[in-house]
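There are structures below to look over.
Shared chain: chain A. Partners: chain B in the first complex, chain C in the second.
== the complex of A and B ==
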């Protein structure tokens, strides 16, 4: 069956690819940007020494930020809050959503450790006033408190709150807030590039059959098929 | 190991630790206070009540000279640095978004100390102090900065030149907060501040760009001269950096850039007038409505400032589906009150002048939506809903069809007459004034909902704005209403209340009361009896008020009321005559002559109309009245007006003269 799409062979494709020049410096910057944004400070430092690429952010600030992120991931929320406030007291003062999320995480940790009385006292003293200020906070608070009602928390409707993924979600938000406060973009560039690649391939798929990349992790060209 | 401690020291215990002689204890206590209050308005309030702010401010003051150079790394100097940093951070947090906190910090005398500490050698101290000062300057309570003093301008420049973001940000905040007059704006321009801000726009960090945009907007506001100097010589370039920022990746930057461009547009007729930029601004702002945070809350207000009073922009916005988009956001529900209020006010601006916009809005079946907003728990939202309703009800087409006079809207609207907030009451009265001009026979619905009685109650309010707006609504309600309705209104009002309102201390109330009488007695001869009730209370009040009318509008309404009375029978006309000729003190001249000689042609017209009715040939007493008028010099005054530039005046004058000639006058 004849296809209206143009067929491009692997040799032709690879020839065209070779004609496109990519600068080494640009790739280095992308790598550095990824390491810095994700917080791999030692790797960033080593990469700087070995490649001579300058990070667009002071590496010392990465250490502080990573300490905060780690504290949240370990469930040490109070410690994380203190560290954020040392870094920049404005972040939590001007971001009620994030502050509430952290306080909610504290409550979850208290419940996880079976400290029911402390949890209730904490909820009443610290979280209830936030709920008064904002309807959606109140709803989240009620969801969290309902964890105490269920004996089998692994099967209850709000069980996901106890999951490690909840801590990771909060940690990511905190990381993003700190980055933004340091006037740095909170997302690395690399994912955007890959998304652009997938989009471009989808567009090209309509017009041609060509060697495409299906597995992003190894970027291998797969032969065109009809 | 997850931490889960709630064993915190009580606030009073913390405050006593602040007074400790040991620096380390002090530092820990300060840090603990700071960590308890950040993000927590309730805690800020409770610490405030315990006197935390003066305590912390006192520590700052005591330690101000303890850090004198940056090189000491021993324990003592570390403690000294930490004391300054933590106390500044705590004060900054008290001031952050919390006016009571700002006031307390200022009252505790911390402000001058914070300023001094900007010159401290230690970076961390300067950072913390600059941040605290920035928080203060975000509040309306911040001390006014005198830009016109040379020393102050130099200090401001040094702040803007700093490499530290918090310090240059402080400079920008001071400008945004304190720059108010054209003189100050010019002084800032002359000192080269705009050039500095522009460089921060192009080369600065995210927060510096945002702060610059706000400051630039403040300096440009209502100052076309500064704008043209800024945009002038390098035509297009400085403005193009702001235009580029309107497409920035960060929503807040886009919003601030749009707001700056709108300020420029509104102040100066020469810039940003082409259709391309207008369309761009509309699209960017409508898209910003999608932002879930504060940017989305503020976007509708910026949109309003763009389109308010400007039909061309309203048309463009209509074509860009603005009304659909705004409506879509309200329908989503669970809106932050600020956003809800903003969207309603944006819809108000859209519908304020163009029938096409009102039609579009009403086609979306919005009555229930508006009814919900009228009953919202937030006063700002309720007021905005009324204001929006007032614009929408300007649609004569829909008014005539009786679209608004239904219980869905009228019941919640009437409930707002009793709203605790005066501004909501006044806004509700404004919307009501339009709705009751219902050209169908459905005005009785308003009476059934208790609206008419409520209006009469409000006419007795302590607030003059409520009184005058209630009378306005009543005036519109009785406009061309049937006799039964009018009689109902009059018996509810009573002659004594109406006459005292005619004699109200506030001119706006007097005007509306007289207009109400005018509409009441208009149309049917029986209704004229109202003004004679209780020994002619109302008629007498009209006469007295006309003697001392403080503005033309009062004279106009009063004369039209008399004009309508004079359209009645002989008795009525004679009563009017007597009123016109009542002397006050030793004045020989009737106010009639004064009105006829007025520059306001509406007043002249109303007065001549009254004379027309008094001298109408079909009534037997007309010749006698004409004689009296002639003797008082009124007829000759009218003869002088035979070529008045105003057509209405001219025509009525000729009618009078025509009528007078019927009695053999020349």
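== the complex of A and C ==
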């Protein structure tokens, strides 16, 4: 495997790095975009004041969105649904998958709190009709209901439904749906740029030996290995 | 090779601290002077690329003259001879090679008349191609042939590829730089793709060929609407690439950590406090362990002072800022000819102009700015900036002048960033000069840009990377 890789010295590479023109405002925008998309309202407001960067979304809408997310994260699904509909009733109308997920979470919470009768009633009235229309909903419903027959849920095959990660997953999707309905991108740009960096380095590795950054958290440049 | 005024820090001892500091001082400040220059151009900060030329018509100079005739508009060709063997093919290339700095390139042919035998071909060939052979019959060429529907890639025998094509068909050929493939279409639908072998690097010319009597082919280099929806195809391919990138996994909480260290680096204290407070109540709580590499020693230093001075500068209160500096960090304002002092003096001048106090501005200029004029060096950043600042005096409405950008908030920010870096450099625990100037986030973005530029340099292929555009577009990355 002949190596026809071009070698770029550290000195040369650092010169190139210094020649890159990055605007402070662009970096500020990137940070603001992160704060806003992830829902750090007060921080976004302070950042606006301290840096003069304008948020690309109305900060008032963030508070509402965060309230919804929090409600889901805490397992207050009924509250969350009410809040979403207050924000924009179309969100759940146009998102049957999301709505089902929320209803499923509600069922999980009822089961978690030992409210067996209520759980069964809820499942029969609200979830079963959905299950009849949609195969994957039905499967999820069956998985969830099966929680009831286990005394020790920590070891059962569907135990993961009770895990907090299930709530977080739903919360993330609710967050994304709300952002999308507000015509905003649902993901912050920063993680994508970081992934692009990893990808670009991998691609360049095929053609050249050059100083690369292996640890993103301290951005340290490693000498090229040949 | 050890130079006495190198940037590398090898254990500053107190005795030589001031001399090391001078070197640091100059280097740090100069960096920001350069930044002040960037603000002067209205165009985006990326390098201007040479506009890559695209094929527009057929090349009549190198086509296989005796066998074919190219129409005067250079967009169609007819085989006039009677073909006798395999070396009298009528081949025509485009006038320019396919441009490479994009995701893909595409062109189409329309078969007006398949003639006696329908031996038409569409494909790509390199510059030195033997112009009497079908594209694909020689190395460094490829061709999709209409008579047998085979794909030829550098040898006499072709591979099964797609349907044949004849009179009335529209056939397209393209290069996908992202996936490194050739692709062909027929009447608006994809026929197939093949990998663009390694030999086929370098410039590739869109090529068409006719070989039997009366064959006639028209070519479309994009002047007319294509039968194939190439824009849609391009969007799909771009999406594929994005999905590959999206799948890459990141260390947990890395974005959070980078944002945090950015705030610390520039001294955005209030934001940082709100950020930390909110993170405590996040579910699940975010914690950055020390082993993740976030070393706060360097940047927590003087957080409140840096924030205070930044706010003063952002409000245009330069005198107040300089007073604070004299109180807290006299070593920074000690050398009046340092880049940092220079920037502050210029900013004071600019603020006076902003409020219309022109006489005071002139007075200030006579005291503080005159000494930066007329350096012998060409391209001296001090001279450059001071001239531009003073030029503000000449305009009734300076903000609308070519030097109006100096009055913008972004310029105040450059001064604030300079002072911030200088304060960070006074930290006795500071090990890395670089760390004063650039946050980790900035370094990562520079690395990203440099890698992408290297990939597309020297005849590289694929879309070029534009950080500024990416950050300012409203679509998802």
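Things to note:
Rule of thumb we're sticking to: the second predicted complex is superposed on the first by the 223 of 226 C-alpha atoms of A that agree within 3 Å, B and C clash if a C-alpha of one lies under 4 Å from a C-alpha of the other, contacts with A are read in each partner's own complex, and residues count from 1 in each chain.
The rule is simple: a contact is a pair of C-beta atoms (placed from the backbone, for glycine too) under 8 Å apart; a residue touches a chain by one contact, two chains touch by 3 or more.
Bear in mind the structure is a predicted one, so any value in this text is a computation, not a measurement.
Superposition of the two structures on chain A shows chain C clashing with chain B. Using the contact criterion defined above for the overlaid structures, shared-chain residue A:77 touches chain B, although it does not reach chain C.
Between chain B and chain C, more residues of chain A are touched by C.
Once the two complexes are overlaid on the shared chain, A:137 sits clear of chain B and of chain C alike.
In the overlay built on the shared chain, the residue A:13 is in contact with chain C alone; chain B does not reach it.
Judged by the touch definition given at the top, the superposed model places A:99 against chain B, while chain C stays out of reach.
Looking at the shared chain after the overlay, A:216 reaches chain C, while chain B stays out of its contact range. The single stretch of chain C with clashing C-alpha atoms against chain B, selected from 221-229, 239-247, 275-283 or 365-373, is 221-229. In the superposition on chain A, the residues of chain A contacting both chain B and chain C are 74. Those residues of chain A whose C-beta lies close enough to touch chain B in the complex are 74-79, 81-82, 85, 89-90, 92-97, 99, 106, 109-110, 112-113, 115, 118, 121-122, 126, 129, 133, 135-136, 180, 183. Those residues of chain B lying in contact with chain A across their complex are 1-6, 31, 34-35, 38-42, 89, 92-93, 96-97, 128, 131, 135, 165, 205-207, 293, 334. Taken together, the chain A residues at the contact with chain C in this complex read 8, 13, 16-17, 20-27, 29-31, 34-35, 40-43, 45-47, 49-52, 70, 73-74, 164, 168, 171, 185-201, 203-204, 207-208, 210, 212-213, 215-219, 221. Residues 35, 38, 45-46, 244-246, 248, 250-251, 254-255, 257-259, 262-263, 266, 268-271, 273-275, 277-278, 283-284, 292-295, 307, 310-311, 314, 409-410, 413-414, 417, 439-455, 465, 467-468, 470-472, 474-477 of chain C are the ones that touch chain A when the two sit in their complex.
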